[in-house]
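Every chain is named by a letter (A, B, C and D) in the order it is written, and numbering of its residues begins at 1.
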Amino acid sequence: MNDREFIVGSIVLTVAFLLYWFMGHPHFVEERILQFSLVIIFSGTLIFFTRKAKRGEEIFLRNIPGLKAVEEAVGRSTEMGKPVLFVPGIQDMDQVETVAGVIVLGHVSKMTARYETPLNVPVSRAIVMKAAREACKESYLIEGHPDMFHDDMVHYVTDEQFAYAAGVNGIMVREKPAACIYMGKFYAESLILAETGNSIGAIQIAGTASQAQIPFFVTACDYTLIGEEFFAASAYLSEKPELIGGVKGQDMIKMGIVIFILFGVILRLMFDAGFLNFNIIQFLSQK
Amino acid sequence: MDFLINTILKLGKVDRRWIFLIIAFVVLIPLLFPLSLPIRATATTQLVYDAVEKLPHGSKVLLSCEYGPSTKPEIHPMVISFLKHCFRNGHKVYVTCLWPDGQFLADEALDEVANNEFQLTYGIDYVMLGFRPGNEAVVKGIVSDLRKVYTIDSRGTKITEIPMMDGITKFEDFDFLFSGSAGYPGTIEWVQYAVDQTNIPMSTGTTSIQVNEVMPYVQAGQVQGILAGMPGAAEYENLIGSPGIGTSGMDAQSVAHLVIVLFIVLGNLGYFIERNREKKQRGY
Amino acid sequence: MIWKRQIPILIVGVIGFVTLFANFTTLHGFKSFVNDDATQWFDILASFAIWLGGLNLLKLQSQKILKKQEGWEYSVFAVIGLIFALVAGFVIKGEPAVEWGTHVTAKGTLFKWMFTYMVAPMQATMFALLAFYVASASYRAFRIRNFEATLLLVSGIIIMIGRVPLGSNISSWFCMYLLVLIAGVTVNSIFKNKQYTAISVASGLILVTVSGFIMGWPLDQPGIFYLPYLQEWIYKFPNVAGARSIMIGIGLGIFSTSVRYILGIEKSYIGE
Amino acid sequence: MNFEIFGAWLAVFFTLAIFSFLYRDNSFYKITEHLFVGVSAGYWMSMFFWTQIQPNLYGRLWPSKEYSESGIWYRIYDGLSIFLGSIFPEGGIDKGHDLNLFYLIPLALGVMMLLSLFKSFGWMARWGIAYTVGMAAGLRAYGYLNSNILSQVKATIIPIFDPDLPFFSLLENSHFNNFIIFIGTLTGLLYFYFSKEQKGTFGRITRIGIYFLMISFGASFGFAVMGRISLLIGRFVELITYSSDDYYHASYWVLLVMVILLIYNAYNEKASAE
């Protein structure tokens, strides 16, 4: 489908809906027209930007300071001649956060390959191990150091949550990595990992969308990618158009929401003051 | 002074098992030897109490239990106090559960309050409708037609044969809803699918961790007050004048919080001293 | 190939589309299918998924035992536990008066016994372990390394102290004295001048004491220095603001992922 | 011995065994952890079977309402009934449902899911998963749009013109507090806007946003600590209960034996290391 077809298609659908609407819209829940329009508008925005990204058009995403911090951390490890530890969370590849974590791992392993710094990736799921190995192997190949990659770099510890945390703790205490990077889905083990990392004096960088764990990471790590920031960073690194387009589309909707709120406050002020006969709150309250 | 600084620094490197031991004692000792700190209700707890007090005698109250053993210490005392409050004011209580484990715990609470303390009759003063699977679908079902979701109660009695079920066919026939909730499905689903659509007043008691998620709804007025975690339960117990597990845990909770705050302060003190020393050593 | 790839994508698209748009139509058959049957199917499939997970666990642990892999002795316990739970669920009721089906929620059955004395304590203790880790991390890892972390810890501490009975027994005047001392430390570290520090601390102490005498030292006034009020304000207003922006962000994220699933752009569920 | 007291001793053992992990990873913990994994898997399997699959699936395929002595459909049922009488009681399943053969679809999808345990049928689970994914996507797209976006946007549109509202009140709604919510929500949203560098004025605005986010995380932090401590209190209360006469001081005895064994073990390890 090219652009022209896309635009024509959208117009035809809109006209068709308008016709249906003015013909008395049988079987349509009238009170939900607002939600219906939002579903259409939001989806349209997302599709538009995904297509734009797929065509290879330049899409600007701001620098994410956390990624810069990752680079510095790897740099410091190199200086000190110590390894980098990367923990991709404790969940399987069906979690978006694990996927994002593995994408960031690809980025980190490129740097370790470039600087010839040892990398250690303990994982807790067999499938994550496979995916993480692939990602690292590719990075080392791209950087021209395929000889430096070995399978043990990414190794399975155990599926059990606390046993995994204990295992990773052991690695930290023995190897004393200079940088610990936690990117993925975390539960309670976040605390145990970050505390040990702190006690060995490593630079710690975390990224997760698990809301309950973010506070612990923020206080115990040097840098934390919070929620959406983490996803945006991984989209940026993955160079996958559907991910980048998604981030951009959501960005536009977010800006739309901000503008709508500002506009809404003004409308409400005018209604309350009696200048306008349109109650925005009531408009938004339809079920 | 140097001695003090050195001690703080040395303490920073202490084996964490000592800290585990300290926390264990800090929680255990106040449980064995209570301090009986006076408890003062926060505004959100008071709101829940007032909402129940406002109901006329003999109101029909729906209590929904959505918690399991891992969150029992927080929610169970709330449910017990809520039952006491309702029975004392002569309300009729209907219990539903969105979590399967909720039914075990609700049964326990009813045994303790309705049977032992108030000696009420099943089917006239209270009824246990029980657990139905389906998460928010159950909530939706109760709103549209309760008798489709519940044909029998948890004891296998037909709903039509239970006297207090007369005239109850849907969610709007109740006067009040209280949800003791530890996560999904729970308070948020009740707000979205039941309360927002019908305007039946609702209060909630949640685990500490869930408070932040539910707070925007309380702030927007969709939920009338919230009992937040074990301290919320303790405050409620005190408002109805019947201290229980929540209250007895409060001393331990207070002391443990204080100790954790002290830990944070001490830990940061060590951090600052160390940082300053490093700066001095580097010569600036 | 079509069985493994196209059909699942088609199922997601059709089912997703139908459930989404059922919200906007009054067509009865359509609506009742989505509201009743489709959700029931979902729950039934979710139950099968739990069985799949359980059987998978059995398979993995048995393989571990048969191949005598490291730690296989412990896997024996996992298998025993699973079998015991299934026996309690399907073979031995323990209470003849209770019917099959209600035995999973009724009193006096083996299943209920298993719940009370096995599932409940183990689950609860697993969660309670974290209290210890929080304590040790608060001592060894929670550092006010920058302004953000400071804000976070301060608001956390105010909530922690203000929420419990201990906090409501701390007078606002105590907090004000504490603040004067903290201000003194700050002045000292900025100006590095003992005179300035002494003057600021002394004037602060006098100011607080005088106003205390004037107001008669009420426990909870002025409200902004009384921890229970302060924590309530924090969690009712600034916290709600922050939480709300996250909520909107999460809502958007979930919406866009859902749309991507329905349109077949995102196919991670079939491993792509 | 009474089952209840036996149960109490078991519960004490499990509780202390899990706590023993705090000292170090040891056999008590490993045994309990593996038991826990097994028992909870079995617990949920049974629970969901009896509350979902049996009543809502089989209950619709073979309801007792339509049971008849003739016809092939209920003969299959009778066959099943002979082997699995508890699941398929005589005369059909009475859960108040009508006969609905459409439910063969979820049954088929479910069976396909289970078949995926065998390697060559691995792909079969995809159909069932696809159904749940699609359904969840449709439900959530609307639910989150409505409650997370629309109603929160609505709550952020604050009244500026409202003479009844006080300008300042610490704990009640007031213009000041409304303004805090308004600013916090907007700047928080802008912090997660990625199409512009966070520099200059925009950078300063997003800084305010991150401060609000941090206060919010601080509140979750405080509440998380509170919840964990409450759970610990709950465990200790139970241990104290079980240490009483009625339970023959279970807590003390189990603790004692466990400590002795752990010390013995540590001593042995030390000896073998030397």
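Odds and ends about this structure:
By definition in this document, contacts are C-beta pairs under 8 Å (C-beta built on N, C-alpha and C of every residue); 3 or more make two chains touch, one makes a residue touch a chain.
Because the structure is predicted, anything quoted here is derived from the model rather than measured.
Where touching is counted per the definition, the chains common to subunit C and subunit D are A, B. Averaging Cα coordinates per chain and for the whole protein, the chain whose average falls nearest the overall one is C.
By number of C-beta pairs in contact, the leading pair of chains is C-D.
Each chain's centre was taken as the mean of its CA atoms, and the one lying most distant from subunit A is B.
In terms of their C-alpha centroids, the spacing between subunit B and subunit C amounts to 14 Å. Work out the mean CA point of subunit B and of subunit D, and you get 16 Å between them.
The distance from the centre of subunit A to the centre of subunit D, each centre being the mean of the chain's C-alpha atoms, comes to 24 Å.
Centroid to centroid, with C-alpha atoms defining each point, subunit A and subunit B lie 33 Å apart.
Multi-chain contact residues of subunit A (touching two or more other chains): 35, 39, 42, 162, 195, 211-212, 215-216, 218-219, 227-228, 254, 257. Across the assembly, subunit B contributes 16, 20, 23, 27, 43, 70-73, 100, 131, 133, 196, 209, 211-212, 216, 219, 228-229, 231, 253, 256-257, 260 as residues in contact with two or more other chains.
Counting only residues that touch two or more partner chains, subunit D has 21-22, 30, 33, 37, 47-48, 51-52, 56, 141-142, 145-147, 149, 151-153, 155-156, 171, 181-182, 185-186, 189, 192, 213-214, 216-221, 223-226, 229, 231-232, 234-235. By the touch rule above, subunit D contacts subunit A in their complex via residues 21, 25, 30, 33, 37, 141-142, 145-146, 149-151, 153-154, 156-162, 182, 185-186, 189-190, 192-198, 213-214, 217-218, 220-221, 224. Contacts from subunit B toward subunit C in the complex involve residues 12, 16, 19-20, 22-24, 27, 37-40, 42-44, 68-73, 100-101, 103-104, 107, 130-131, 133-135, 137, 140, 154, 156, 211-213, 215-216, 219, 228-229, 231, 234, 250-251, 253-261, 263-264, 266-268, 271. Put simply, subunit A touches subunit C in their complex at residues 27-29, 32, 35-36, 39, 42-43, 46-47, 50, 93-94, 96, 99, 162, 188, 191-192, 194-195, 198-199, 211, 215-216, 218-220, 222, 227-228, 231, 242, 246, 249-250, 253-254, 257. For subunit C in complex with subunit A, the touching residues are 20, 23-27, 129-130, 133-134, 136-137, 140-143, 145, 148-149, 152-153, 156, 246, 248-250, 252-253, 255-257, 259-260, 263, 265-266, 268-269, 271. Those residues of subunit B that touch subunit D in the shared complex are 17, 20, 23, 27-28, 31-32, 43, 70-74, 100, 131-133, 151-152, 188, 191-192, 196, 207-209, 211-212, 216, 219-220, 228-231, 245, 248-249, 252-253, 256-257, 260.
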